[in-house]
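You will see two complexes here that share subunit A, one where it goes with subunit B and one where it goes with subunit C.
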Partner chain A sequence: MLSQIVVNIIIAASLYLLISKSFSIVFFTAKFFDITQAGIISFAAYFAFLFYKQIGFDFWLTVITSILLAASLGVIVEIIFYKYLQKVNADSLVLFITSLGIYIVFQNAISLIWGNSARSINAGEIKVGNEIFGGYITTTQLIAICTSIVLFIGSSLFINNSRTGKKMRAISSNAKLSYIFGIDYKSVLLCSYFIGSALGAVAGLLVAFDTGITPTMGFNLLLSGIVVVIIGGIGSDWGLIGGSLLLAIAQNLIAYYLSSQWMNAIAYVILILFLIWKPLGFSGKRLKKIEI
Partner chain B sequence: MEYVLHILIIILLYVMLSQSLTLTAGYSNLISLAHAGFYGIGAYTTAILSVNYGLPFLVTLPIAMLVSGMLAVIVSVIALRTVDDYFIIITLGIQVVAFSIMNNWMSLTHGPLGISGIPTLTIFGFAFNSKISFLILTLVLTAIVYYFLRNITKSPFGRILLALSEDEIFTKSLGKKVYSAKVISFTLGEMFAAIPGVLYAHYISYIDPTSFTIEESIFILAIVIIGGMKNLWGSAIAAAVLIILPQALTFIGMPNNIAANMRQIIYGLALVFMMFKYSKGFVSKNYVGQENK
Partner chain C sequence: MKRIRIIIYLFLISSLSFSCSEIHRGAIKIGALLPLTGSGALYGQYAKQGINLAVEQYNDSIGKNGKKIEVIYEDSRSNAKDGLSGFNRLTYMKVPIVFTEFSPVVMICSPAADKTKTILFNSGAQNPNIRYQGPYIVSNIIDANIEAENMAKYLISKNIKKVCTYVINTDTGVATEKTFVETFKKLGGEILLQERHSQGELDYRSTLTKLKKSDPQAVYLVSLVDESALILKQAKEINFHTQWVSYASFQGPEILKIAGSAADGTIYTYPSFNPSSPVAQDFAKEYFSKYSENPEIYASTFYDGVTFFIKALKAGNNSSEDILHYFMTHKFYGVTGMTDFNGKTWVDKPVEFKIVQGGSFRHLEGY
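The block that comes next holds the complex of A and B.
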């Protein structure tokens, strides 16, 4: 049983790692809590459902088109809605509530098109899974863990080393100064939206192929991601890893000892405890506005 | 006719909910997504007390407000370590925790089964079992809540709230107790949120956790924002419009579940639209001008 819990923790932690990374890439440059990401995660999963089950594309074509479509959706939202608000220097609170409104529209659009009930993409084939040290893990989950970790490392390397990544970091630390140095704020922002949304879309697909899809799946996933980002500290990769592990361990232990229904609540209990005792997160980097 | 009365009662409940949130979110800029949680706490307190112990409305109402208020003090002490978007995230967390407790504490709340058989509301032997009498009672309570909120917002305390929502540090420098003003504002808002909860529990006579979800909190916040943040009458009108809208959509022949989704899409778009209007921040120049007149 213990090894099964460990396996479950690793599965959950790798997923949180990917989502927190996708969220923090957008937060890094745009500096607000973008709830629309939750809608994009759900949309990616439903695009996969549309292409794979309803139209009948093959697997790889489904994956590529869903990710591209979902990522472009993120970019379109930025162009239509956030661009103007960012131009007039709107408060991060205003952007936050805007994104909440867009998320509500997205979620209900999904409900209108595909219905409210849960659906499954991989119907029919239920496998026992591979046994590792006494714990069972399906091939899909194994792929999910590897994909998440590879993408996490890849995106971290991209941000730390590539030209665009360096521009992102410049904008993140001081937008005005980087503008003076001739960095094109808008295109870098669009780039970070594209990467962030694409990573979120991958997370959505991984969950979709593993457990199934509901219109609200993105919201729950993104909230875990936000909790990880806050307890880990923004802009710190090790913080994100620690945060994902802490959250996954706490959720799986509470599911084992109490009931799986408390999993969402424990995430917030951890968040609240962190804000009381360690308001700067693991990394100790100062979050904007956390204290006056 | 019964149907119209039912809609009116629901509207009045939401008027109370949104006006109490107007005090917290509008006047003191503490945008809370935990409002439905406190609404639920009011409903559950009265349901448990009246079903298990047979206590009358006039006893359960103050107890529900007190429970809600005490929890609000604890919550605000935690949540007020943060401001703005972090505050919203914390209240969102508190909402999720409150929902989990309602949904999972089987021995107290019966979990997803909910509590049924809540007795009819009685005051001094008069049973409010007809819709029209319940409507009148709700109207009276709404008027009382409105009266209190209006007087609070017009009082010197209301001006402190207004000042701190514009510039917290400056208000502090004037020697005003910003932190305690925020705690009081949050607590009062959530205490008033318990009243519609109590009424709702007696009116429907059955409650389950799905009435007090995060979607409900977002909906109440949307009412407040669409109503104009610092506008009690605005919230009342927005509440009426947003409740009547899906009914109107079903009336013109739209299926029920589609109408529910359409309502949410409309208020989502309305939120986005209002944010474009508020893009310079919630403190508009107009408002300050009106105050000076």
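The block that comes next holds the complex of A and C.
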């Protein structure tokens, strides 16, 4: 049974890693808790349901279209709402509340279109997973773990080494100074929204093809991602890895030894403990900020 | 300001014309509070089809001069909040009876039904606590307690004595689990584990791992149809093979769509429905000619409920008090067998056992 628990932990941790990365990319540059990301995750999953199950698209066409549409949705929200609010100097609380409102609209839209019940995209024959040291893991789950790790490393490399990634880091450090140095804040912000939303969309698809979809799935996933970002420390990749593992271990052990109904509760207990005793997370580092 | 005034006038005129079109003068109005949209819409559709067929048959039979029945539908969306709003709108229209389903809706509307003396006729919800809600809340479908007792007896008769329960953490789930566990233990069975899950969960692997470790002969699963399907799918994926047993809510198209072969062999209780009785055959024939599909149990229970109400009407009962008294003092033989309240607000009808076999729901031979 231990091997099955380990398998369950790895599956959950890899997913949290991807979600936390998607959330932290947006938070990194926009500097507020963008709850709309939860709606983007759900929409990506439902887009896949629409294209794959209802319309009958090919698998890869479904994946690409769903990710592009969901990522575009993130960008559209930024252009229509956040851009305007930032123009009128709205603070992060106003942006947060707006994002919460947009998320509720998204969730209701999904409920109205597809209903509230759980749905499954994977229509193939249900098979016993592949055995690894006594634990069982399906091929979809193996793909999900690999995809999450590859995208996590890829996006980290992009932010650390690419020209756009460096601009994102510069804006995160000091937006005004970056502007003086000629960095186009708006386009970099749009880029971070696109990448963050696309990563969230991939996470949504991975869950959709592995377990199933519900209109609230995005919110539950994003909350786990936010907890990981806070306990891992903002801006630290190792912190995110440690946070994902800690959360996945805690949740799976509590589900195994107590009840699955405590899974969300334990996430918040960990969050509160970190906020009290280690508010900067595992990494313990503040983001570098260069002042003029 | 002028524009606002015009909008208000237009709104008032449109509301008035809507109200006039809604109410046919002289018709007997009855309410139907069903999930017409949302996750339970499929069950709402079954119910609506059953109700419409019964009403149509009555309206056709009375001729042009008789008082027709008009059904006013409200959408409960299968949740308590919308259910109560819908019920309040129906009581405002002074309907004597409201046909409904889904436990959260029945439970939330019960106090209002008793207060307004409106009969809340439940033909779909199986929460065992519904029977204690009050004199105006009547059910012509067996509750989950009866099914749980029957399943416990069945398992013991098959020498399955080490069982786990896995239920959804709702009123229905918890109450059904309690009855099952009590009955099963009383009959000499052993409950290895009692697990619950929240509504809307997607990942059940941790709990399934725990259940697998306890190595039960069977797992009694009480959940919504979507959740049940995901549980069976994930159980197969982690190579957890056991005898899954469940109750009536298990039967739904999602089980076959989502769980597929993982659901094969699952045995569940179901309100007894004898399709070979003449009443049931006539109903099935009429139903098929109208909707081009075979009737589900919920279409049948609602059809029976409305037909029983029509019998009460024909006997000269118009007020909700008189109709309720008629229900309590008369028997009704319908599509789903004998409805005999006998002074109670709930029925005790036979239960049948069904099995998922080769991608379809079948009657379990010998039960």
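Quick note on the criterion: the second predicted complex is superposed on the first by the 284 of 292 C-alpha atoms of A that agree within 3 Å, B and C clash if a C-alpha of one lies under 4 Å from a C-alpha of the other, contacts with A are read in each partner's own complex, and residues count from 1 in each chain.
Operating definition for what follows: a contact is a pair of C-beta atoms (placed from the backbone, for glycine too) under 8 Å apart; a residue touches a chain by one contact, two chains touch by 3 or more.
None of the values given here were measured: they were computed from a predicted structure.
K.L.:
A:116 contacts which: subunit B (first), subunit C (second), both, neither?
P.N.:
Both subunit B and subunit C are touched by A:116.
K.L.:
With the two complexes superposed on chain A, say which partner A:93 touches: subunit B (first), subunit C (second), both, or neither.
P.N.:
Once the two structures are laid over each other on A, A:93 reaches subunit B alone.
K.L.:
When both complexes are superposed, which of subunit B and subunit C contacts more residues belonging to subunit A?
P.N.:
B
K.L.:
Once the shared chain is lined up, is A:272 touching subunit B (first), subunit C (second), both, or neither of them?
P.N.:
first
K.L.:
May I ask you to decide whether A:230 touches subunit B, subunit C, both, or neither, giving the answer as first, second, both or neither?
P.N.:
A:230: touches subunit B, not subunit C.
K.L.:
I'd like to know which partner A:259 touches here: subunit B for first, subunit C for second, both or neither.
P.N.:
A:259: touches subunit B and subunit C.
K.L.:
State whether A:154 touches subunit B only (first), subunit C only (second), both chains, or neither.
P.N.:
neither
K.L.:
What part of subunit A is shared between its subunit B contacts and its subunit C contacts?
P.N.:
In the superposed arrangement, which is not itself an observed complex, subunit A uses residues 111-112, 116, 259, 261 for both subunit B and subunit C.
K.L.:
Sort out for me which residues of subunit B touch subunit A in the complex.
P.N.:
31, 78, 81-86, 88-90, 92-94, 96-97, 100-101, 103-104, 168-169, 218, 222, 225, 257-258, 261-262, 264-265, 267-272, 275-276, 278-282
K.L.:
Under the stated contact criterion, what part of subunit A meets subunit C in this complex?
P.N.:
Within the complex, subunit A contacts subunit C at residues 1, 4-5, 8, 11-12, 111-112, 115-120, 123, 125-129, 131, 135-136, 138, 207, 211-214, 216-217, 251-252, 255-256, 259-261, 263.
K.L.:
Which of the residues in subunit C come into contact with subunit A in the complex?
P.N.:
37-39, 41, 169, 195-198, 200-207, 209-210, 212-213, 224-227, 229-230, 233-234, 236-239, 254, 257-262
K.L.:
For the complex, give me every residue of subunit A touching subunit B.
P.N.:
Those residues of subunit A that touch subunit B are 32-33, 81, 84-85, 88, 90-98, 100-105, 107-109, 111-112, 116, 223, 226-227, 230, 259, 261-262, 264-265, 267-269, 271-272, 275-276, 279, 287, 289-292.
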